[in-house]
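One structure coming up, written as structure tokens, with questions to follow.
Chain naming follows the written order as A, B and C, and within any one chain the residues start at number 1.
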Amino acid sequence: MSAQLAQFLLSGLTVGAIYALVALGFCIIYNASHVINFAQGEFVMIGGMAAASFLGAGLPLPLAALAAVALAALIGMALVKFAVEPARGASVVTLIIITIGAAILLRGLASIVWDKRIHALPAFSGEQPIEIAGATLAPQSLWVIGVTALIVAALWWFFNRTLTGKAILAVSHNRLAAQLMGISVRRVLLVSFGLSAALGALAGILIAPITFTSWDVGVMLGLKGFAAAILGGMGSGPGAVLGGLTLGLLESLGAGYISSAYKDAIAFIIILVVLVLMPGGLLGGRATERV
Amino acid sequence: MKLHAWFAAALLAVSAAAQAQAPIRIGAFLSVTGPAAFLGDPEQKTLELYVERLNADGGVLGRKLELVSYDSGGDAEKARTFAKRLIEQDRVDLIVGGSTTGETMAVVPLVEAAGLPFISLAGAVVIVEPVKKWVFKTPHTDRMACDKIFVDMKARGVSKAALISGSGGFDKSMRAQCQGVAKNHGIDVVADETYGASDTDMTTQLTKIRNTPGVQAVLNAGFGQGPAIVTKNYRQLGITVPLYQSHGVASKQYINLAGDAAEGVRLPAAALLVAESLPDSDPQKKVVVSYKQAYETHFKQDVSTFGGHAYDGLMLAVAAMKKAGSTDKAKVRDALEQIRGYMGTAGVVNMSAQDHMGLDLTAFRMLEVRKGDWVLAR
Amino acid sequence: MLALIAGVALLPLALANNYHYEIAILVGLNAIVCVGLNLLIGYAGQISLGHAGFFGIGAYGSAILTARYGWPPLAALVAASAAAAALAFAVGRPILRLRGHYLAMATLGLGIIISIVVATEDRYTGGPDGMSVPPLALAGFTLAGERAWYWLVGALLVATVWLSLNLIESPVGRALRALHGSEVAAEVSGIDSARHKLLAFALSAAIAALAGALTAHYAGFITPGKVTFLHSIELVVMVVFGGMASTFGAVVGAAVLTALPQLLTVFKEYEMVVFGSVMMLTMIFMPRGLVPTIAALAARRRKAP
């Protein structure tokens, strides 16, 4: 019985780490621009699909992964340059619609440049399952969980110890004041979209051996990542990770103990309850509206 | 009076000549994008390829074929709108399409009202049971897949099986059919789990199945990446009882995705997947090898049985038109209903007034994954 | 308003066949949802990413009551719309306290829960493959054919727009607009913001459900495809595309985004690329949406000597 619970928990953590990675991407862009980037899931797709196609072209896996991340970062920056910046001054809702348009465009491009088939990446370190407390875990899951932890640490360092990171935070807190201090908002936007796209792509590559990848995986992953980011408190890095892991565990335990058909519904009901009780998410600050 | 008759005859001749010039319009609506793109994409490619080939060979009834096809994205409402467009605007002579059951069923009332022959490429039994006057279909039904699997399970001494299925239309329909016919084969379904269409991990559901006492085999009804993840998780959890997949993953791609974990998995499928290894005496060999080679050399992709359904649909339509000697909708419909002994990629088709699919269980082969490829089981 | 009536009355001259009517009817049904949704998004300033859920309650509610329980369609339609409004009212009370993206998430979650129930309870709904719906009939007279439906939907669209315009000009409408500007300021000036938000939410839900029920009866078949969160987002995109806080903008947005995919079929596999590009470019160069931008341009031209 406890082995069963251990298995549910491990499954939940694996899935949760995936959601957390996607949620972090939402978080970075939100902090810099207050935009919910609905194309975030597409970066995950681009990471996986590009890596698979580079690998197919004969590149070794690490190089293919690197190239895929670079490609996604470039696309992220292009999104700022050609879509977000020209629409400067538009309302946040308009910017969100622009990202929805971008998501459709990217999906369409992916289906043409690559194909509409499902692709797999090889597991980074074999498929021999690891046994923990009577439950099993695929080695790739450790990669996902480990890299997520590493990224959280790196992001913390970036935002608290580097000038660019601090500039992004400053813009997030007060755009005008940051501008007056000589921070280039344009550069901050460029960096944060590039970073978030790279992060999404990395997530896409890490999970491709477990979940496979295709031109339309971005839709659901983007949705779950958004839910995780909100659950944790939009804009909070630790919140995104907590939200992702919570969502993953909720789904797994819901499927295990209540009903696998209703596991997503169970997760969303709990998110609703949490939001009603804590309107700023698990770790979100209590925001006040300026009058 | 005589003059009138001459005039009428001349008019008829002119209009017949004009008709001979006009192409035969084949309409199609397919899920080329969306969650069922893995069905619609090869279907679309197959229709394009073979319309081109038929035209290169001089067309049908001395007329060229013209394919008018729309992407329904797997959305039943879009499918209905496109079907209306095919009927009202494009005035097609026949429709081959409907990748999914939902799309097909949404269109059925339209073709019935318009009196237009419609060959569906979707799986569920409801499409042809009860028989609808203008509606035919080419793939095997999900009930046949269940029958085939349970027969094989029984032969291996299984009496208690677990079911795991996705939340999509194909999955749910097959799940219901399997639950319905299990008793006929003396098999108890002791566990029934579900996963979402784009879930990334099914170990939780499989753990529950593993911990259900008495499970002797597991059947996974689903398509896309889900069954491949199920297969991987299945091995990860070290479950050793036989795993059966459905005809929904009948392509080489499934093996490529699931890798070593797919070894020993069985599924019912058309002979297309094992085309080359069929004995030369097999009457189906010629047609499946020819289709497989044509598709694979042209698109550089592994063939799937789904494209085969579109091939069968188009060829049945062509056969019916030739038999009817015209594209008159009622005559083509009657000719379709009378087709006997047509050898397609799915098997021998024997249509009748009571059966608008015309396939039987012999058309299904039980395949097994051995050394990374499909082979005939046993 | 007169322009809309004239448009609805004269459009059939341009409709050559039943397929054209079909598109016009779908535009009308979407426009009805969008006009209702615009009351919530454009005027009350509250986002909803779950309106496909209410649309679904209307569609499936009316479908199940007529097909499985033999209700007369009109009663089923009214009951389903009332049920959607009641649900919106009940859930809206706690949810509408949330702001911005949190509200978006809550409504998104609500819509997804409804869509999961619809897809899972196949005994009632037919599951993912959908279910047949009886035609709309009243006292033995069955509404059939695209032309009859066109006039019904057209009349309902005019009525919805009329209702919306009147509401906006009423004290309630002014209160709603005040909410959009600043909720705190509105409350300070004595507006019961919670009650007004709830009213807009429930009304827009009921309108969406009505359109959903009509869609189901018109099509004769309904699948969960129209209840997914993607459809919710599609509806919001229509409202913003046409122009937030503009009733006619909602109509135009629905018309353009419903008809566009039909025109884009000529692009074949490039359809999505073109559609995405059109969406992005429009929002980049007309950030306030089609109708307000064009209206502003026209006004500027008039002012210029």
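Just so it is clear, a contact is a pair of C-beta atoms (placed from the backbone, for glycine too) under 8 Å apart; a residue touches a chain by one contact, two chains touch by 3 or more.
These numbers were taken from a predicted model, which means no experiment stands behind them.
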Of all other chains, the one whose Cα centre sits farthest from chain A: B
Contact-richer chain pair (by C-beta pairs counted) among A-C and B-C: A-C
Where chain B and chain C are represented by their mean Cα positions, the distance between them in whole Å: 36
CA centroid of chain A to CA centroid of chain C, Å: 31
Of all residues in chain B, the ones touching two or more other chains: 32-33, 167
Contacts with 2+ other chains: residues of chain C: 120, 269, 271-272
Multi-chain contact residues (two or more partners), chain A: 111, 219, 261, 264
Contacting residues of chain B [partner chain A, same complex]: 32-35, 37-38, 41, 167, 193-198, 200-201, 203-205, 207-208, 211, 224-225, 228-229, 232, 235-238, 253, 256-257, 259-261, 301
Chain A contact footprint on chain C (complex, rising order): 41, 47, 94-95, 97-99, 101-102, 104-106, 108-110, 112-113, 116-117, 120, 182-185, 229-230, 233, 236-237, 240-241, 244, 269-280, 283-285, 287-289
Chain A to chain B touching residues, read off their complex: 4, 7-8, 10-12, 14-15, 18, 111, 115-118, 120, 127, 129, 136-138, 207, 210-212, 214-217, 219-221, 252, 255-256, 259-261, 263-264
Touching residues on chain A, where the partner in the complex is chain C: 30, 36, 38, 83, 86-87, 89-91, 93-94, 97-98, 100-109, 111-112, 219, 223, 226-227, 230-231, 234, 261-262, 264-265, 268-269, 271-272, 275-276, 279-281, 287, 289, 291
Of all residues in chain B, those that touch chain C in their complex: 32-33, 70-71, 74-78, 80-81, 84-85, 87-89, 100-102, 105-106, 109, 124, 126, 167-169, 172-173, 176
